Structure formats: C-alpha cells, structure tokens
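Naming follows writing order (A, B, C, D, E, F, G and H), and every chain is counted from residue 1.
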C-alpha cells in the first residue's frame, strides 16, 4: 500500500507520515517513508510518502504512483494528484477539499479534521485526525498502534501534546461511520508493492 | 531478522557501529550532516568516539590517526568535503591505513571523484554504491571489512535520497570472514625494541628494519590494487541474457532503472539492466558479458557523463553506448532533481528505442 | 486618553515571520502582536498610537517589514481616527 | 485597543525616516528564519557602505552560511566563495584592486571552524580588508550544530543540554586572537540584540571600513547574532539567550584600534 | 628570437609573465618551489603581485579572487598540493573564474588528477602537458588564453625534469587571437545600480538579474566542456601512417618516446609515436586515426596505468593495448626514477616486439 | 698542541657519562645540515621520554620538514602524517589510546603555515597530547623560504635582506596563541643554542609530557632551532643568528602552566 | 704546564659536519677544529687536555659525534701522553 | 656536442656546467643543461650534463649517451662512464684519473687541476681549470666567453672569488699545449645532437 500525504510546511505532514510508518513497523510490516520539503520554512510544499508491505519492499524513494493520499492543503497538490492511480482513496481536510482538482475517478472522502481538532482545543492536531481516519478506513494499522507510535515519536520537550494527539487520532478513527464505507486498498488497481 | 524504521543516515550509522566502528570524525554538510549527528549520539554509547571535527581536513586526518592506531575509523561528508579530503584519502591508500569514507552525495556527480580520486600518486579507492538502504547496511559493513582486508580506503557513495528516506531494515552485524591480524598498528609498545613500527607513505622503513623505499613500495601498492580489481568486483544485473537493450546505472539510479526495466519487460520489451555495485573496481568483464547479445547500451547517471567512460571501456565496438541521464538538481542545489523519476527514465528509454525492432 | 503620536509605520505584514523582536525593541511600547496569522501563518505587529518614529523597530527587524514616517506635526489620537481598524 | 492603519503611508504630512531595506539590497525577501540576527547585521553593513560613499567602490566576499543567501540580494559586486576561504579570496581581489573597499561576510562556522587558518593568516599579513563575522555560535545553515565558537553551556543541536568542556573542549574567541596579531588594525565585538547595540555595531563597522580606506591593515567586526532555530529556543527568546550565552563569554566592545593615520578624517 | 638560458621553472615564470600574469600565490613544495621563487622575484618587477601563501588552499583561493577581479592569476604546486586544491579547482570551473594551475609534478602519477579531478560536480580541467621547455613556454601562454577564452581552470602539468633542466629558450609573448571582454569581472563599481555583478557557483543570479539556477547553470557548463572537448584537442604524432606499433606517451615521457622511436625507425622498425598534448580533452579521434593501421599500441607512462584508460577508450577492438611504463622514483620519492631513460624505454619496446613480424 | 686520542675509549679507569645518541634512536646517521638545531632538540625529547618511563608507551606523529627524516631513526612507534595535520592525526590516535603518551613533532612551516588550524583546534578541544615545535623560522626542507613564523628582519630565501612587514606582514607567535586558548595546559618556549638552553628545554619537555600524563590538556613546547642553511649564514654563526633574530621576537620561558593535578608528582 | 683532566671523549670524527657548535659550547675550551677534513671533507673537533666530562659538547652536537667518559681519577697531562697524537 | 661533468657534491660540478652553458648561449648556441644531485649535502654524487648545438635541440634531459666528459672525482663515475660513446674525450683531474675504470677506447687527458688551482691559492677552483682546458681543447666556446659567463653567474656575495676563478679558467686553457692535441668533438662518433 502506498500513501502520499500532501500539505504545507508547518501542518505536521512529516510527523503524520512518521507515525503511520512507525505503527506499521511495530505491527511487523516492512515500511518505506520519504519526505520532500523545501527547507525549514513554513508555508512551502511538504509531501510525505509511506509504503507498507508484508515483505521486503522494492519501492522507489520517489514513488511514481500510489493508490491513496491524504490532502491537508490544496496548495502544491498537483505534485501528488497527478501521481494517483485511478480509483485511489483521497482523504481530504474538509475545508480545502472543494479546491482539489482532478477528483474524478477517485474516492474523495472529506474529513472535517481541523474542525474536530479545533473543537478539542488542539488546532495543530488536524493531521492526527486524518491519520486516525485513514487507519480506520483502510485497516492498514490498528488505531492503538498509531497512538503508540505517536507517543514514541514525540520528543521529550513536546510531551505536553501527547494527550491531545491521542484524542485527535481516536476522534479521526471514530469518525469512520460518518465518512462512509471502509476502503479496500488491495482492491484498488494496485500492483505488488513496488 | 529484526526490523527497525530508520532514516537512511541512521541505518548507516547503526550498520557502521555493528561493524565495529570505533572512531568517527565528521563535519556538517548536507546531506551528510545527519550521519554525523546520529553517530555523535550513538557511537559513544557503544564505547566509541565521535568528534565534531573543526574541518573536513581535520576529520579525515583524525580518522586516519585512529585507523593507524588499529581501530575501525571513518569520516564522511559530501562531494565538496571529499574534495578537501583527497590528499588524505590518497595518503591512506599509500600508507596503508584502513579508512572508510562516507560520501552522502548531493547527487551523482562524484563518480570521477570516487573512482579516480584527485589525490596524488597511484592509488585507487574501492567505491561501493548501494541502491537502497538494505544494501547500504550491507555495504557499509563490507566497507570496513575490505578496508581492513586490504589496508585501503573505501568509499561508500550514497546520495540525498538514500540518506533521507526512512526504511524498515535490519542493521545487525554481517560476517565477511576472517581478517589478518593488525600487526602493523601503532600501539606505542614497541619503542626501544629496535623494531618499533612505522606508518609512512614513503615505505622507507626504519634504520633497523628498512622498507623497500618509495618506488618499490608504491609499485607494490599498485599491484595490490590490481589484485583488488580482479577479485572485488560486484554488480547486479537482470534480464540481460536476451536483452537487446541494456541500461546501466549506479546507486539509487540503479534502483530506479531496475524498477523501470521490470515494467518494460512486463510490456514485452527485450530490455535488461546492469548495476555496478563496486564503481571501482568497475565490473567490466561482467558488463561485457551482460551486453554480449545487446545492440545498445544506455547509461543513466545524474551527471554530465562520468560512468559512461567505464561503460565504453568495457562494452565492445559493436554496441552503441548512449547517455540517457544528465545534470539534475532542484533549485537548492542540494537535492536530486526531476530526472530521478521512474516516469522520466521510462520515457527516455522508450525514446531511444523508437524505430528500433524489439 | 489622548496620545501624542509623532510617527507612524507602514508594516509589510505578509513579510513578517512573527519573531516579536520589534515588540521588545519599541521604546514607547506601541507595537503589539496580531491575533491572526498572515499569509504564512505568522502573527505580525500592529501599531498603537504613540509611535515616536524612532526607527528602533525598523532597525531590529530581520525581515525588513517596517517603513517609518515622522509627522510634520504630531498627531493626537483619542478615538479611533479615520483609517484605523478596530481591534478585531 | 486603538490601532493605526499601517497598510499605506499616512495621509498626514510626514516624511519617511526609515526605509524597509537599505538601498544596497535588491529585495526585502529572504529565506532566513524568524528572529535571525543576520539580516539585521547585514542591514547595518550595507548602510555604512552607503554612508561612506563606497556603494560604487566595494566588493563583497561571502562565505557559506545562512547569510550566503544574501548573495542574491546584495546590490554590490559580490562573490560567494568557498566555505572558510573568504579572507583568502578577498586577499586576491584586494591586491588586484587596492583602491576598492573589499569586505567579507562570514559566520562563526565559516570563519572559526573551516576558515580559522585563512582569517589568521590574512590578519598576520596585514591584508587591508574588512571582515564581518556573524557569530551565532552554531552552524545555522546545516541545522544548528556546535561550532568552534559555541560557548560553554550553549544549546546547539549536538549539545541540547549545553556545551561542556569535557566533551567538546573550549570555544575560540576569534576577535581576541585576531587582535593579538600585529597585522590587525581594528577589532571590535558588537551585537544586534537591541537597537542600542545595533547603533554601536554601526559605529564599529564604520570605523572598520575607515581603517581599510586608511590602509591600516585588517579590520574585523564580530557581530553576535541570534539564531533561535539553531539554539532551539523561541524566536522572541533569542535576544535574551544571545546575551546569556555568547554575550557572557564574549564581552562586547572595541578590542583594538590602531591609531588612525594623521591624514585620515577623525572619527 | 632571443634565447636565454633558463631553468625550466624560470622559463615558465617568464612565459607566464609574458602572457600577462598579474597575480600568483603559491606554497613551496618540491619541485614546484622554484616556480614560486622565480615569480616572487620577477612578477613584482613587472607590476604584478606574488604572495607566499600560507597554505595551498589559501593560495588557490587567493588566485581565484584575483581572477574574479578580472586579472590573469595562477597558483601552483605538485600532486599533494593540488590534492588540497581540488575543491577550489572545481569551484573555479563551476563559478567560471579563469584560473591557471601549475602542477610541477614529481612524476607522472597525477594523470587522473589532471583529467578527472577530485573536486565535486561536473567539471573538467583543460590539462596541457608539455614535452620540453620550448613547448612549456608555448603552453603556459596558451593556458592563460584558454582559461580566459572559456572561463575555465587550466592545468599545466610538468614534472621534475621539466622544472629543473636548463635550456636556452625564447620566452617572448605569443599571440593566440582575440578574447571576449571580461564584462563579468568584479570591479566594485556596479553597486547600487540594480545590476551589480555576481560570481557564484550556484548560478542563481541576483534578485533583479536572476540566473538559471544550479541545474541549468551546471548543465550549461557541462555543455561548454563538451564544446571544449571537440575543439581544443592537441597532439603530436610521428611515423604513424604505416606503423605496426604506436607508442603513446605524454609530457617528458613523450619526448623520450619520440627520441627512441626516431632511433628505431632508423633501424627499420615500423613504429610510430603519439603524444597527447592536451590530456583533457584527450585527442581520442586523432589517436584512433593514428592507430588505424597499427597492430599494437604501447603505452609508456611513469605510473601504474592511468592514461591507458583513455587510450583504451579510443583505440578500437582490433589493436592490442599494452603498458610499458610503471612506477618509477628515486629513493627520495621526489624524482623521476630509472624508467625515464631512453635505453630502458627502447628495451621495453623491443621486448614487446619480440616474436612479432615487423 | 697536545691532543688526546679520541678514537677509542680511554685506557684509564673511567665510566661513560654520555652516549653518542639517545637509546631511542636506531642510528646516529642522519641527513640534516651542518649546524642544524633539530637533531639536538630531538635528542632532548627522546631522552625525556626514556627518563619518564614512556619508552614503551608512546607514539610519535611527525610532520613534514627536515626532522621528518628522523622517522627512519626514531625507535618509537611512529607515523609521518600529512603536512600540517599532526595534531589532528595525533588526536585520532590519542582518543583511541588514551593511556599512551602521544606526541607530535612539527616545524614552524608545518605547524604555523599549513597546520595553523589543526594546532589551534586541537588546543581548543583540549586534546591531551604533547606538541613539539621546532621553530627555525623557515621552510628548511624546501630550501629556506619564509614561513608565517619568520620574524621581521630575518634572512630567508625570499627575504635575503630580511623580512619586512610591508612586503610580507607580521610573524605569528604560535606559542602565545596556543597559550591564550583555554584547552592548553602547558606552553613554553625554549631554545637549543647552547648547553644551558638545552638543559632548560629538557625541563620544559619533561613538564609537557607530565601534563599529558596528568590529563591536563594540550602541552606545547616551542623550541627555537638553528637553520644556518636556510638563513644563508655559516653553521658556526647559527646560534648567534638564532638569538638575534627569532630569539629577540620570541622570548624564551614558560608561558603557561596549568597547575599540576594534586596526585601528580611535584616537578 | 700540567692540566688536570677529569674526562675524555670518543669522537666519531667521520660523522662530524664541521659546524663548530661544540667548540663554542665547551666550558674549559678544550676542543679545537682539525686542520684537515674528514671523509666528507669537513673539519672536525680534536680534544686538548683539560676536559671535565661535563657533556656540553655531546648535548649541543647535532650529529651525535661524542661519547663522554669521566675518569675514576683525574689524569694529569704535561707531555703528550701515550696514545695522544701530536699536533699535525 | 654533449658533455657529462661528474664529481661529488661540494666540488663545483653544477657551477662548471652552468658556466659552460651560459658561455655557449652567449655565443648564440642552443644549450641544454641538466643537473642530477642528491640533496644539498656534501659528498653525494653530482653530475652535470651540457648539450650545445647550432640550432634547436632535441636532446633528452636524461642523456642516454655523450661524447665527452669531465671527471672531477672517481666516486660515482660509473653513472657517467657507461654512457660514453667509444672514442670520447675525458678530461680528468689528474689525482683521480688513475682510479677511473674503463678508459679503453677513449681519449683520457689528465689535468692537474687541483694542483694548478692550489698553486694559485684557490683550491676550490679546480673545476674552473678543467673547464678552461675543456674549452681550449674542444674549441666549443671561447675562453673569454667562459670568463664572462662565470662573472655573470657568481652571486654578488661571492664577488671575491671572481678573480681567482678567472685565473683558473685561463690557467686551464693555457695548459693545452701540455695536455696534447685539440679534440674534434664532431669527429667523435656523434649523431646530430639529439
């Protein structure tokens, strides 16, 4: 299974990718994670790529195509949208979803992630909401694995955010019924995970 | 096998430590900085030493000192930093201190540097270019083994993608067999014995234990490199038996090419790939065999044409050799640019096949 | 309260990176950070009455955000004058 | 709260007393981090060059560091040379163009790590150039690693709990070393942590260029600058952290001033 | 023509000054020390500047600065010193400052260094290898011309014998034709114009006058080097038309080979010689033509085999390519050793002809 | 004139009080010039090493210079490293073998020119090594050219009428620079121009090695040595010329001594 | 005159490079340079009566030319003693 | 014409070569001069090679053979003796001449150079005596040219030796009648000066 996470610097794209990757590794899967971002500045393009498979991966670090994506922002989306295979799953932050071009032939799921996160008083945790929703919808990793991975990843001096992040992940997963049917990644026109 | 998710640099750091690295001295330079950072955290924990060298030149000479003292030692940087290390890398070849040098290159422009060096004298550096992280873990450990086995400098040539992609990988120790004892190491104990030890490029030895002098010493070293050239070639190839077209690429580029060639085979193209794992010694005979039935050889490298010399040297007259790579960077000048992309590579290959019967 | 105001600024708020150095630098303490982010999501300075036109903010700002003006005649503010925005 | 409209110039009669940027910058946009002190110092240098009438008679030699990005912005003839080598490159330029003001811009990583030999040898030779050091005690550009100028107790990427002498040795106070060599004409250490220190920086930079014009030898102004990113502190905490860390180890002030030649204009 | 007896280094110094050298910065190292000493005496007298640089790295960066300021500038050393300069030589190629670097080599082991460098990035250095002093005077002057013409680094590769032999020679100025104006030079006058100048490897330009950025800038430079490769090949050959055996050698070695081949021709052997004058660009096509009718190609170089790669690259399948040189030093490690001797070369050639019909 | 037969040991009852060479030299034959001070200094160092019981616990790191020829004679584990880099190479060795006495032998060209950065950085880090500088103010090995340590007025191959500051700048007093850095434990400047100065050199070299054993940091003994060839003076004039030139600019004496650790044997 | 002589030397004269450092170093001034050269053509030191065995010459000699001995009992020279060579 | 000058360090071999070369250049000839000596120390091998021709030279800097030699010392003579073509002229310092091996087939001329020089109170000028004799015997350069070249070559701080050197050169030339017939270098089996 391959996933692109797309957003802008400062939204937590790379963290989300890392958490998903760690969760998958913890579950015994083989994982590749690559990040593409322009420097340390806010506001630039930020893309994370996660590949998960049952055995050794042959995936390229610059993935030519994928079957699913998380869209946190519409800016820079072109980098990612064009590389989705037909019938891909796209989880999009609801506020920007309408601005995403080229959604035909894909399954677009709008997640009010920012709203949910803001409601919980943790506006920056929108990425975690999306991650929870993605895990729940695809079953690629257990939600508890995500939570554990998030805890492992957060550095000591950011410990105060752990609890909010956990709630965000779970809230995203809990939103599943509202978002629609689960998505069978393998059902997508997906070759062996190269 | 125990898998852990590592950033490329971190996995290489772990692999080096598993291989018995005891001393590292490095200087920050993107994208080699992280290797230094990981080792600075991890190496002391395993009883080793990691120094934030004040310059690349300091770093490489420190590592040579630690190697002279008999310990597995390394340094690292990327192209420009390695440029500054050329004198020392040559020295390590000529004074026979086993030294491992990591080049986490910004791109693929350091092929000449890795294979022909820019130091002085008749020396070579074994250059290992992994295609991905699992191979990098293997080759990192092999680098220390070969350095000790032959008492030579070994370069591990990675790139930005290798350094920064995160992969689940097993970094456990690999075993490459026994090594000769380091009876040459400087341990300080033979003073006054009349047989004290010496590490010196000129090979002139001591008054009591004269060496052969520079001419013979250097000729012997050249012979050693000839021996290495014969025995240490490594490569990977696929679908070459009946291939009309063979695509040659190294490092990460080789992985991309392999991927594309798989695809094209699936679509009925008679195409194969060849990837030198050791850039020096270049697996020339293997390439000759691999291209024996081919009509054309395509070379994909992200530079203006460096490895292509080695390909031409080894592919006989009948085959057409054509470059399909090029200079490719992003606007920061630090990252592999638009050409390191399977779609682009695929298109470039197909373009060269136009009009050809496959 | 009426505040004597000898100077004023043009603030290129979209260039601001929210470092707050200007806030600390302003002698009469008339700069305050906005509550909402600019184009890049950074909070940026806003000007209250009382600027002296001393240019301290302009000197310390790493992002070349300020242009400073001195009024020919000091201006007195007691109510939001024409063109001033109410606090959001 | 009453707020003034700051989106356009005032309607009232007024005159502009300070522009966004010095006229020797081609643009205000740069990629440096929030709270970075380097652009502030660069502003000062460019303004002094203009004041002294050197705008059309100067060449800048930049090292490698965050400030290097200003190579695209400086509206002066300039080169971004190899890491650490600015004093050498500047020497070649100055010897060929002795009547042009030649100045270097380096960070502490560039000058005190990679370029320690070059700055000291250029000083010993008494090269008639002006060297500006932006000292933030870290390699900012590569992510905030410790440099040879990081002070004891300072946070850096490899010393998140503060540099210790046991693990990493002691910092090098480059200004004092340069001042101790006979070839230096003027050495000062300044800072940009507040408006007053910036004003003092301006005075020192001016003197440094004057000493060059007078042909007295090498002048160095070390400017302590904030690097909150490299120190892992909030941008607004940068100035305080600067003075608590680097500021404590490296005292500000003029360290050396070779008496101006009689012919020179008095300062 | 006015002849004066000069030591090799002195003649080269004079030639450089005649060519308009204005700045030299060097650091002593045998046998390049004398070049520095002669320039230190002579250059100031002609209005130039010569600095005793404190290190090779300082020296080369000073010279790059002087070149950036628009003046003919050079530095020099031998192999190890040049190793330290690799970063700067690459930089001068990539930031397009015309820089001449003299390598008064201890031997012939710096061929790879001269032709493949050890810097970073896609760059080449034009490498001129004179066979003797009259040619060195010519090539020294040509070096400055080519450096300015293409804005590239040019290496003049001499050796111990060239530097130290004294020959009566005419060092007067040679004319190689017109050059483009140095409208890129840093003269400090365009500050504040909005069009100030920039010399920078990344090629990103200024805000008002943006450059193409690193990828395109470097690709353009690579194309420039391709152009140079096509137009600037120089070589000397003799008796090749009907030669069954062609001996290839460079620099002083080429002179010795020429001498021996003359002799052997006199004795009826069908033998010729080929000497690349530019090591890069290597005159490959010319070599191909020169060996078109040959059965074997012998390569004489005083190293473990470096130029032979370039020979093999250009000599087609049918010809046998065989090395007849080797590592050769005296016991000091500084001087060309016993192999640089006409008698030895003659014997080695004859040995390979044994049993062959001539 | 009555002359004693000195071709063999005396027939009268006697005991040998001084041998040709220190026992840590494998041979007396070396290729250095008449009147060179370097072999004298090397004798002192080797004798001290033996006295301190370090003969079988030391590693020498030699630079490039005339003294480099002693790599073939020193009967201690040794390496001749790259020009200028001895303190770096020694750092690598010492860190791996902390209980071994590691020492460097460099000339002024090696240390103050090519290796300025390495000695200063090693000092700043407080590397626990002993550095011996043989300062003759010239690159002896390449024929007597000026170094960064040649003093004003000194004859060298490129300053046959004496170095001038205008043409070549000022010399670098490396011992003072090293002493000014916090990582140095012991710094002294000595000379070998007569028997008394040699005795003093011995005392300083001994302390330098002791500071290493005590783990106090970097110790440097700068030893002024004669190079009549490089100075273009007669061998017998070397000692006087040394003290008139280098000796006048570089005062002899202990420059710094970090108090010995309590446990250490009192000097 | 009888000279009290407490020490003596073995001089490896063929190793001497004639620098004369020993001449100046000898406190009792009992070393003198030869008139003819050694194997390499250098003049070398010769010993007159009066050596104290202080080792100064050995210390200063760059060429390791001297071995120094102390007599158990001082020797008195007034005529060329056995084994001494007459001045050439 | 090719000449080897062979001796040991300190005898003035290189100076003699240089003086002859300068004299020939002054007379409009093309010249190559190479020196081979081991470091600065006394007592090592020292060989000078001088080639003089009317036009541009093709001579190798390491000359495979020559038709004449000056022998100032018998030590290290092998380096040179073996490379002399049959019938060569050898001018040898008289005191060492008997110790030179392999003189058969050559014309050996013994010059009491040291004796002549010592007599003139300038023992170190023996090389100049030999040079004067060589010039007179071969006619390769005029004696006055030698003197002028010597004056040009001696550095300022050695000015005091000029006069003695001049006398030595002339004394060498004057010894010709005592040494025998002039020697025709071109008559030796000498190819074009390659």
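As a convention for this text, a contact is a pair of C-beta atoms (placed from the backbone, for glycine too) under 8 Å apart; a residue touches a chain by one contact, two chains touch by 3 or more.
Please read these numbers as outputs of a predicted model, since none were measured by experiment.
Trainee: Given the touch definition stated above, what is the smallest step count connecting subunit A to subunit G?
Mentor: 3
Trainee: Shared touching chains for subunit C and subunit E?
Mentor: Output, common partners of subunit C and subunit E: D.
Trainee: Specify the chain most distant from subunit E by Cα centroid.
Mentor: C
Trainee: If you average the CA atoms of subunit D and of subunit E, how far apart do the two points sit, in angstrom?
Mentor: 40
Trainee: Quick one: report the Å distance separating subunit D from subunit G, using the average Cα coordinate of each chain.
Mentor: 64
Trainee: If you average the CA atoms of subunit A and of subunit D, how many Å lie between those two points?
Mentor: The mean C-alpha positions of subunit A and subunit D differ by 43 Å.
Trainee: Could you put a whole-Å number on the gap between the CA centroids of subunit A and subunit H?
Mentor: So the centre of subunit A lies 89 Å away from the centre of subunit H.
Trainee: Two-or-more-chain contact residues of subunit A, please, as numbers and ranges.
Mentor: 39
Trainee: Scan subunit D for residues touching two or more other chains and write them down.
Mentor: Touching at least two other chains: 29, 33, 82, 113, 116-117, 121, 124-125, 148, 168.
Trainee: Please output the residue numbers of subunit C that touch at least 2 other chains, ranges allowed.
Mentor: Within subunit C, residues 42 contact more than one other chain.
Trainee: Quick one: in the complex, what on subunit D touches subunit C?
Mentor: Per the touch definition, subunit D meets subunit C at residues 1-21, 25, 28-30, 32-40, 43, 192, 194-195, 198-199, 228, 235-236, 238-239.
Trainee: Over in the complex, which subunit A residues touch subunit B? Could you list them?
Mentor: 18, 21-22, 24-25, 28-35, 38-39, 56-58, 60-62, 64, 194
Trainee: Taking the complex as given, what residues does subunit E use to touch subunit H?
Mentor: 3-5, 132, 134, 161-162, 164-168, 252, 255-256, 259, 262, 332, 336, 340-343
Trainee: Considering only the defined contacts, which subunit B positions touch subunit E in the complex?
Mentor: 78-80, 82-84, 86-87, 90, 109-110, 112-113, 115-122, 202, 204, 213-215, 218-219, 222, 225-226, 303-306, 309, 312-313, 316-317, 326-333, 337
Trainee: Which part of subunit C faces subunit D closely enough to touch in the complex?
Mentor: It is residues 5, 7-13, 15, 17-21, 23-25, 32, 42, 46-49, 51, 53-56, 58-73, 75, 77, 79-81, 83-87 of subunit C that touch subunit D.
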